[in-house]
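Next come two complexes built around chain A: one with chain B, the other with chain C.
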Partner chain A sequence: MSERVALSLMVNGEAHEVAVPARKLLSDVLREELGLTGTHVGCEHGACGACTIWVDGAPARACLIFAVQMTGRAITTIEGIGDGALTAFQQALHEQHGLQCGFCTPGIVMTVEAYLKENAAPTEAEVRDLLSGNLCRCTGYHNIVKAVLATVATARA
Partner chain B sequence: MKPAAFTYHAARSLDEALALLAAHGEDGKLIAGGQSLVPMMNMRLAQPRHLVDINAVAGLDRIALEGDRLVLGGLVRHQALARAPLVRAHCPILAAAAASIGHHAIRARGTLGGSLAHADPAAQLPLIACLLDAAIELRSAHGARTVAAADFFAGVFATALAPDELLTAIRVPCAVPGQGWGFRLMSRRVGDFALAAAAVIVTLDTAGRVETLQAALGGVEATPVTLGPMAYTQQGQTPHAAWCAALATSFAAACDPIDDPRVPAAYRGELAEALLARALADALARTRGRTP
Partner chain C sequence: MSDGFDVIGKPLLRKEDRRFLTGQGRYLDDIVIPRALHACFVRSPHAHARIRAIDVAAAKAAPGVVAVVTGAELADWTTTLRMAPPIEGLVPMEMTALPRDKVRFQGDPVACVVARDRYLAEDAVEQVAVDYEPLPAVADMTAALAPGAPLVDDALASNLVSHQHASFGNPAQRFREADRIVEARFSQGRQTHAPIETRGCAAIWDEGRQHLTFHIGNQVPHGFRTQLAARLTLSESQVTIVCPDIGGGFGQKIALYREELTVAALARALKRPVRWREDRIENLTSASHAREDFVRTRTAVARDGRILALEVEIVEDFGAYSFYPANYLARVIAMILTGPYRIQDYAYDVKIALTNKCGAGPMRAPMAITSWVMDGTIEAVARALGLDPVAVRRVNMLRADELPYTMATGERLEDVTPRETLEAALTAIGYDGFRRDQAADRARGRHRGLGICAVVESTTYGSTFYKAAGIPGSGHEAAWVRVDPSGAVSASVGLMASGQGYETALAQAVAEGLGVTADAVQMQMGNTDIAPYGMGSRGARGATAGGGTAYLAGCELNAKVRSIAAGMLGLNTADELRMRAGRIERHVAGAWTDAGVTLVDVARRAYLDPTNLPAGMAPGLDCHKTYDPPQMTYSNATHVCEVELDVATGQLTLLRYVIAEDCGTVLNPALVEGQQHGATAMGLGGALYEQVLYDADGQNLSASFVDYLLPTAAELPPFEVIAMHTPNRRTPTGLKGMAEGGVMGAIGAVTNAVNDALAPFGVIAERQPLTPMYLRDLLRGRT
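Presenting the complex of A and B:
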């Protein structure tokens, strides 16, 4: 039953052919088969948000998806963000000290970047509600919120 | 924290999904959004031998108005329930309840059918389905049947769904003009399942007295509890603050709250009473055109 299934995964605009057991989580396939270790694995049950990626542009927990489900879907990981440079939000995280250990940061970046495409001018309350889905044990969130709001303010200036 | 092995089947049509379910019986399990099933598989609380993926089945994510009913496909995502103009216009309490589920990334994948079929006692969508007396449409390779929400939920994580059945859609009545609604939930952290939740819809007559009233509590018993016959006795009542408090007290007193070490039954009951009183007040404010 653990036989491998051959599939083609479109990740960050590139097609990858892999053969993995059906039970292998997308988070593990990204990290172990494709070497995309920017997607972090925290809780493995959807609570912590560290493994947040995009499926067809929408945020999703990579630990709650089996890689075999992703035929025909476009996956974006933290490595596929920003064309080789920091995005405005990543730069703001840097400037506002929005990370310490950095473990949660890829998930936070994927969550926030996806949300800003839907709502370019969120309120602080909306940002805090959004970030409720991503656990950060270092920062206390204040500087992450500041970084999102700074990004929004800069984009509107 | 890795799931047990299974065989994966990607259904390309409803008929194919139903045939796969029929073939695998108790060994088969549907996967849609996977936001409840995959955590259970990762923790090995669920170990299906065959997984039937319906994400690619066309037509199951329909949101449509049919007469005075809103038809919502089983594959409609929570985010779509929360945002779709048809849902916001015709069933605002459902949109509000969906917006309170989990987190952004969870709502983007989780589905209506998945939440109802999973039947967590504290989940939002079973509560609203019971409040609105939704008609739940089930299909199997052998035919179709419609089950009322009150008959669908059988217990904690238990429903009327047979192993070979798929929840295709639900039908809920559209809100009538002047209807007010209230939805309140309490959870320890944003996005957690509720400790308790209350949902209310009410209409008033021209004299401002209660014309129709529906109320339901979630997370209190094994399945959502509705006000039932107690609702009819409220007709013609003048809904002032003391009425809200008294009704909440008698409804909560009629419940038999779940008791667990972290949330004792007495606390759960008090929470249900307080949430219901607030949901009633919110609903009344909305009948008067005020947003709470």
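Presenting the complex of A and C:
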């Protein structure tokens, strides 16, 4: 099970040649082989959402994917978000105190950024439903919800 | 609110955020350590079993494996932990690094595999063959205390590891005088902290220097170092603890756990770095549990609702091991139970039971059940007497003119405002209007309930509290503040943050004392070679102990800065100087004017031109300060929660949630509100969803996040916070501390609300979590 498989991974627009065991999780390959440690591993069973990344632009759990499945797919991680500046939503999280320990934050950013591309005007109930796939143990979600709504309000103003 | 303060009391945005928002936070598992091996633990599948033999040969031969060790090797490398503080009624317990004779819960570690990577280590764990002789297990605290129960710890005479009782005033007489005697029962489910980052550590032994560098996210780095060094028989100066960013702690990351001790010992024995990160199953089953208690109150009351006397019986399930003195959690509940109420005739009886479950420890608000028990008792009194529960609170609640008030147990309440928070919360929720609407709704088959819970939160424990409670340790804190020759300001305390925003809030405390902006202060925490020896982050001591000490250190250094500046300005005294935002100002003709001297000028003179300092002044510009807070500080709050109960399904919906809280002077109100939200959310999670479940044989049935249910954004309500700020007169700047009271208020408010909704059906919910299944059980045959 330790034989390595060579593959090419397209991550944040950059091609990476790696050789990893077939059973190695995408989350571990991103973190250990590519040094992209912003993708956090919180549960390894797809329940907490901390490892949320995008595969071809759609949110996915990196802990539920083997890296060898990702040939030919475009992966985006938290490190690929924002062109060097904070996005409007990241800035809103900052201003609304929507993060505390920060461990769940990258997963929340990936979940919300993908959603906002498709949904410009969610209601609070829709935002809460969206966030229900990301566990945060610190904030009680109140300020995260505020940050999403503030982002939407600013974009529409 | 910031009365006379420049920096504290302002909702400054957090310095920490940028790295966390962009994925640049540096948590334990993000640290790259060349040549590091990965540890993985072999864990018991049995709740209770004799270890006959452990065969590690196959595991040692597995691919990539470097070592496999058991309790036998660890016994040569480490000392035993003896938990034996001199507390009356507490039975001493001992614990080895890994068990050698028997396992005591499902998940107990029995061996450790070290391999080239985590996957290979996990593979090899399957190859370790442990020959167990299963023993009868006791997975229930009542059964554990019954005569003839299997012994969890063979060295003890029974599973009753701690028993304490006390009586104040004359409860027996008051019970004879009472119009009514009201009984009520309360029990919380077993819970666990579930930080989103699990436990983990990395040990690097430097054979040449004979020095251990230990990376770990820990709330109390110095206390951890003391324990780790002692158990490895190293000097404390041979151990450096380095805390990276911590992905949540909530009390789980304080103790030195056996896995961490094992990893440190292995790194030293193998002379190679060893790292470990537990998976979520291990975290949920084997890290630390909390709560699970049963409480019964008996209350002697007069017809008008006055409480004449209160007796409380507490039984807590402590699990199998003692990482803390067993009375540590429940004792505080008994000490502060009467909260904001006028009760002088009081008695408590507290029993702590060992069971074949994961050991318990402090979890955000170790005394969480306190406010539910007290305000739930008030509700029971109101039901028994046919009175409005608010009226019963008002008749018993302390008035401002009764403060300071010494509770029956000797605890002293001062500068608290229980009536103000009660009235503010009731006004915000619209109590009278709610009652009218509720009656109309009930007639239509809609069942809403409103619950109130008054909270008196013990926040900062001074060293005299520890002394009085007979617990070794101290509540003081240490800080240093340093201005470098360039004028750059650094500061440190002995606390380590796990999300609270100390890098911002404590910088505000330093900045206020020193006279600079918060931006100018860089906090350095979590490295024991850099931070001063302090008592860490626990309870709600961050603001008063951490912030208070940091503020006082800033003030002390400010005095030196002003003396130097006075010399530079040719003044005999610094009395008419102050520093604001790093610039010296002089009081001239009734106004403060810029004196043309900055902190940079002062720092340069202090370091580079010391012969021009005032006579007798030592060169340099830094200071180290310790501070011991009062025996105890208290914050107070009232939580009011409105729920809707679907009586057909048992489903609960949280409609509104109001928190009126008075936590004194605050360092940063935005961060305080964030703590209020988070603590309340944790309380609601425990009251409604979370439960560590064991079957009768001690098998853990809640080992994943689809079984152990944390609340999500979809279940929790928005929080309406009413902030009040009555300063504590004994602490620097009037700080009180907060961050645990939200848990206390939530579990009481939501349960009282549910019982209000259940009232027409004549049933009472007296245990948590308030699952739909439980509520339907109560309602069956009554709807």
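Quick note on the criterion: the second predicted complex is superposed on the first by the 156 of 157 C-alpha atoms of A that agree within 3 Å, B and C clash if a C-alpha of one lies under 4 Å from a C-alpha of the other, contacts with A are read in each partner's own complex, and residues count from 1 in each chain.
In the analysis below, a residue touches a chain if its C-beta (ideal position, glycine included) is under 8 Å from a C-beta of that chain, and two chains touch if they have at least 3 such contacts.
These figures come from a predicted structure and were not determined experimentally.
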Contact-wise, after the overlay, does A:129 reach chain B, chain C, both or neither (first, second, both, neither)?
both
Tell me which partner A:34 touches in the superposition: chain B (first), chain C (second), both or neither.
neither
Between chain B (first) and chain C (second), which does A:22 come into contact with in this model arrangement: first, second, both, or neither?
first
Just checking: does A:44 make contact with chain B only, chain C only, both, or neither of them? Give me first, second, both or neither.
both
A:5 contacts which: chain B (first), chain C (second), both, neither?
first
Contact-wise, after the overlay, does A:77 reach chain B, chain C, both or neither (first, second, both, neither)?
second
Just chain B (first), just chain C (second), both, or neither: which does A:64 touch?
first
May I ask you to decide whether A:111 touches chain B, chain C, both, or neither, giving the answer as first, second, both or neither?
first
Does the superposition put A:92 against chain B (first), chain C (second), both, or neither?
neither
Looking only at chain A, is it chain B or chain C that touches more of its residues?
C
Which residues of chain A are in contact with chain B in one complex and with chain C in the other?
1-2, 21, 23, 28, 44-45, 129-130, 132-134
Contact footprint of chain B on chain A as seen in their complex
1-2, 5, 21-23, 25, 28, 44-46, 49, 52, 55, 58-61, 63-66, 68-69, 71-72, 111, 114-115, 129-130, 132-134
Chain C residues touching chain A - in the complex, by the definition given at the top:
13-14, 16-27, 29-30, 32, 63-64, 118-120, 123, 193-198, 245-248, 250, 279-280, 498-501, 670-671, 673-674, 677-678, 680-682, 704-706, 710, 712-716, 718-719
List the residues on chain A that touch chain C in their complex, please.
1-2, 21, 23-24, 28, 31, 35-45, 47-48, 50, 77-79, 81-82, 86, 90, 93-95, 97, 99-106, 109, 124, 127-145
Contact footprint of chain A on chain B as seen in their complex:
1-8, 10, 31, 34-35, 38-39, 42-43, 49, 51, 53, 55-56, 79, 102-106, 108-109, 189-191
